[in-house]
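In the part that follows, the structures are each spelled out as structure tokens.
Heads up, the next two complexes both have chain A, just with different partners, chain B and then chain C.
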Partner chain A sequence: MSARVSTPKQYYRGLAPWLLLAPYIAVTCVFTLYPLANAAVLAFYQTNGPASRAFVGIDNFRFLLSDPVFYRALGNTTVFALCSVFIQLPLSLGLSLLLNSGNDRWKSFFRLVLFSPNLVGQIFVGILFGVLFTPRYGLINRFLQALTGWGLEQQWLGDPALVMPAIVLTALWVYVGFNMIYFLAALQSVDKSLEEAARIDGANRFQVFWNVTLPAMRHVVLFVVITSVIGSFQLFELPLALLPTSNGHGPDNAGLTVVGYLYDVGFNAGDLGLGSAVGWVVALIITVVSVLQLRLAGGGEDE
Partner chain B sequence: MRLGPIHWLLLGFFGVFAALYARSPKNPRLALRFLRFGVLVGASTAVLAPFVWLVAAAFKDKAYLNEFVFFPPPSAWSSKTVNLDNFRTLFAGDATIQGTVYFWQYVLNSVFLATTTTLVQLVFCSAAGYALAKFEFRGKRALMTFMLVSMMIPGVLLFAPVYELMVTLHLVDTFTGLILPGIVTAYGAFLFRQACLAVPNEMLDAGRIDGCSELRIYFTLVMPLVRPMSAAFCLVTFLGAWNSFFGPSVFLHSQGQLTLPVILNRYIGVYTNQYGVFLAGTLLAIIPPAVLFFALEKEFISGLTSGSVKG
Partner chain C sequence: MVERFPYGKAPFWLLTLALISSLLLVATRQRAAVDRPDISLATFAVQHYAAYKRVLPEFERLHHVKVGLQLVDARALQTRLQNAMLAHAAVPDVVEIGDGSIGYFTRGPLKDIGFLDLTDRIQEGGYRDRIVASRFSKWESRGRLFAVPHDVHPVMLVYRADLLEAAGLRAEDLDTWDAFAAAGRRVLKDLDGDGVTDRYMIDLPSGGGFGLTVLLLQRGVGLFSKTGEVTFNEPRTVDTIVWYLHQVRGAARIATECGWGQPLAKAMNDGVALFYIAPDWRTNLFQTDVPGLAGKLKIMPLPAWEKGGRRTSTWGGTGLAITKQSPHPELAWELAKFLYFTPSELSKRFASTGVLPPFRDAWQLPEFQAPSAFYSGQRLGAEFARLAPDTPPVWDSPYSATAESKLGEAYLRAAEHFDSHGDDGLREVIQRELGVAEAYVRRIIERNGLGGPRE
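So, the complex of A and B:
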């Protein structure tokens, strides 16, 4: 963004700002605030489609806490979130460092290529990778075979132990380039003179990165970690398209995510009340994890 | 095990790296640059290979789908191996209770939904952003705080109650029901607020002295000035709407209303043994976003990161 023009006095023109904001206020009241209030009510009802509802108190939550499928979905989603933070983000950071360390004209080309999977929606990615993971003919097994001599017949999406790795691998293909863009932007805004000073003081490449560069970009790192966790907990479309024959569940529910579970009980089985309860659980997890991360990162020193 | 081309490539790569390193171990700049370039080329190949494979699968005849890894070699290249059969099947039409629905219909639905959402959001988000940037009014601070907080409400929480609301409002299975909740977002409003802060007040004053109405000032003075921001915003919004799945799959029921992500996801089950057909559809579905992206790449990347790095 270009420099702000400071405004000694700003302008009051009666109704104009309210007219300009009216669509936002109207839409938010109808499609965010009202449903939010309704979500709080709905979670205590059992519904059969939108037409009929019966009050069940906290039974929805009691059911969730006793349902092994829900725990399976929670577990899968947590594994995915951990992989996003501990596998995908370090890879993104590594690639952004590689891109940033050279200033050749290839830089924008690589950036463009590595980012390009983000143009493809999750459903389309799922459709494509569902075929790429096919045993014998799929590109991934053919590559494994060419590299190691093993793996041509390996089932991925049919093997409970390999469903999650397949989903993580697919997500890597998409999102490594996405978070790389954020890291790259952060790296470019790090004060070069600080790094130079550290180098003159005798720090090696790694020390400069760990003690100067990384702390300087900690806000962006925190932002990317939190958005990745939030995104991970809302994962839904990718497994749905990767595992079409089982509606995204996969063998032994190995590919089921919490939002997949919500979709199942709320829209396939028609219990919007139970679906709302799942929504609250997910919202609670996201909030707790985000707050924890903000605390761990030093409790917002200057922001 | 016999060594294949991949192994020779890897051996060659590390061989060159070792040779470069051995030449000047004290100052291995050239070797490191070579290594860096090699890793980036490797990563780019991994990213591009599925795209190339997708194009190949879409054009290969169904009898030869599994025959060649990518395209057939020139010697086997003929209209028997590489043709438009997958696309012909795709465009042949689906028989439904409402009559035959052709693939064009889904394309049109997607184009209509994505462009309408984008244009409507552009108008309302920029209007809201302008109001937040250039006007003082009572309750502004409270409103902005509320908007920031509202961005943190996870979408999953609202799926069930919004669906119920749509049923009550009779908006299920209509495009209106899909477009209406998303005509303006807090995120978009904040992006435009940032851009509008840079518009000089003197200019707005000049407009006012010349007798422009506030709306006219907004359309003729402010909008042109925030154009770079608008390009990025439109692209992000278009991509989101074009690729959106949850909403359309839940709210749309009639076959003639479906969008590309919904119908292609269904086609996986329909064309189980001819995956070339739904891959041909997928290929078509990723072309419009790709064209827009290459046209607006610079604006897009800067718009994407403007909120996080400076914000």
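So, the complex of A and C:
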């Protein structure tokens, strides 16, 4: 057996990929892996102010699981996620079906119109809808009053029962168009000959959609559902901008989300340990929900 | 040369670009170091920034130094300062912090607090007796002072004098809140006959918010005591919530919520409410936001809870802190004194911001005695200064946000009960909910195993 002798050029060529990857690896280690590991450790400490910490074992998790405010935040976030999946995504799908069957010239125009709310940030959208929901002078209240004779003085953002509907309504305006683009792309890649064959076999429009089009879009639908649920659990800026006087909590914490709760305990109250514990619990919830969705959808594999 | 590089052309150009950008970074850093000010001051208030920009050249001339002034959004300033202190990164030498911020920074052992303890400097400089006493409370923790108060923010009522006169009412007669509420029932009016009331007595949030806080403070009820004990669960809170609910909810309510910014300006112009709760800073905002009401507005002290009682409250506050990391604490203290304890500068700032300083020496200057054409010739400075010594103390705590949130929840539970059952069992519900709120806040405080306000 003889040792392989490499020339300097070959040696440097072998090293080159690692050298070129080094900045990426370094950045990932410093800004992703280290914080992740540190957050895992921090979750077992109580931090108090900028400089003090004490080991508390699983007390942060114990506190979290007995804190009614955390459950309120979790409940609000779950409601928002459910609204995303059962209201927002069907609307997106419906719009994409409409656009897919429409005139090509208008298709681009409406696609742009419906997608355009995404071009502005959530903070801007929150401020905008904050004005629209203003009692007495807000466009939504004026519209309701003109239409039904009720609603002029309605406190959308001051009534705990109406805060979440207001957030959902605002999110619809932003995200319906965004998810519609995914569905539209999926619809355009569906094999037309299959749909045509189903029609020839006597299937009506709904049957074609339900039995041919939707199964063909399965991967995209699954992707959109999972990203929507993950995005919903990360909701933070929108309530913050919509409910600025209460730090995004709203009356009776009706607008508080889990990330809002995390920010509150970690950065407003200064307990980064508890904040880290919240982060890990949220990550666990998202992972479980995503795995469940994948399982329910048959693992996302083709049959 | 490119051809001889062992890794190929693309890596050569990537490395060249990296080298050039690194050199540029080093060069610009050196240039920045040359221009670096001797001391830096960060504020979140646009009005303060404008005022300081005008007066800082004088300080620079007196001390032969360069001051770097930064304007940073309040939330960003708080977050950046927190993060910089956590990461031991560079922080401004002097920083203005807003209402409700100090609690975060005063968590934990005293030695770990990132701001200089100014207690002795204030005492030795003879400033303690020359500043409105109640204003120290907000910036103290465990008896030590960590920021100098910028303001007093006494609260009065701004009202539409023209509409009040048209309603046949006199401000002088509204000397108690009960008299105010009774008069308010006579003001309610549906001006256009659409079944919706268009004129109310006062702008108050139905969800509690600033209205409830201001009124509780007027009664002397704060969230915490000087020693950090929870203090909001007491009979005066119950009385205030009962009274408040009758004014902001139900068919006989005298209050509506006018909001902020443009909706508020429109409501004021339309005369939706006659009275608006107004600390000094808000009187100045009104001059900018509703210029068309010049000469139609007046100010009056808050009605008292009982005859002869306190006629003011307080809302908001800013403090100036010196960071421990500052390499020039003495110069920073000189800057603090120049900005906060120089009467001539304070009077100029009052003329532009309308904010009454807590430093009494300045109050006799002409700017504080000048009549305001906007407020129908009333002397705003003198009126606020007259009430200033009576402003209630507000002790901040790391748990203030939690306590405020829980008190808000108790109020909303009471409001739900009031909406469905009226006065039946209302007091019992309020007492129960205040107890729940207090217990929660205590539980959070007791989690603090590292020392803090109750160490």
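Going forward, the second predicted complex is superposed on the first by the 284 of 303 C-alpha atoms of A that agree within 3 Å, B and C clash if a C-alpha of one lies under 4 Å from a C-alpha of the other, contacts with A are read in each partner's own complex, and residues count from 1 in each chain.
The criterion applied here is as follows: a residue touches a chain if its C-beta (ideal position, glycine included) is under 8 Å from a C-beta of that chain, and two chains touch if they have at least 3 such contacts.
Here the structure is a predicted model, which is why all the values come from computation and not from measurement.
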item	value
Chain C versus chain B on the shared chain A, clash or fit after superposition	clash
Touching partner for A:Ala241 - first (chain B), second (chain C), both, neither	first
Of chain C and chain B, partner touching more chain A residues	B
First, second, both or neither for A:Glu153, with chain B first and chain C second	second
Partner chain in contact with A:Val282 - chain B first, chain C second, else both or neither	first
Touching partner for A:Ala39 - first (chain B), second (chain C), both, neither	first
Touched partner set for A:Gln122, first chain B, second chain C, both or neither	first
Touching partner for A:Phe267 - first (chain B), second (chain C), both, neither	both
Which of chain B and chain C A:Leu95 touches, first, second, both or neither	first
Touched partner set for A:Leu20, first chain B, second chain C, both or neither	both
Where chain B runs into chain C (options 3-11, 93-101, 129-137 or 147-155)	93-101
Overlap of the chain B and chain C footprints on chain A, listed as residue numbers	12-13, 16, 19-20, 47, 50-51, 131, 136-137, 149, 245, 267, 272
Residue ranges of chain A in contact with chain C within the complex	8-9, 12-13, 16, 19-20, 46-54, 56, 59, 63, 68-69, 131, 134-138, 145, 149, 152-153, 155, 158-160, 245-247, 249, 251-253, 264, 267-270, 272
Touching residues (chain side chain B, partner chain A) in the complex	1, 4-7, 33, 36-37, 39-40, 43-44, 46-51, 53-54, 57, 65-66, 69, 124, 127-128, 130-132, 134-137, 140, 143, 147, 150, 152-165, 167-168, 180-181, 183-184, 186, 189, 194-195, 197-201, 204, 214-215, 218, 239, 242-246, 250, 261, 264-265, 268-269, 275, 278-279, 282, 285-286, 289-290, 293, 297, 301, 304-306, 308-310
Touch list for chain C against partner chain A, complex	6-8, 11, 14, 79, 82, 85-86, 104-109, 112-114, 195-196, 205-207, 209, 256-260, 262-263, 266-267, 272, 398-399, 401-402, 405, 408-409, 412-413, 440, 447-452
Residue ranges of chain A touching chain B (in the complex, touch as defined)	1-5, 7, 10-13, 16-21, 23-24, 27-28, 30-32, 34-36, 38-39, 42, 47, 50-51, 95, 98-99, 101-102, 106, 110-117, 119-124, 126-132, 136-137, 139, 142-143, 146-147, 149, 173, 176-177, 181-182, 185-186, 189, 220, 223-224, 230, 233-234, 236-237, 240-241, 244-245, 258-259, 262-263, 266-267, 272-273, 275-276, 278-280, 282-283, 286-287, 290
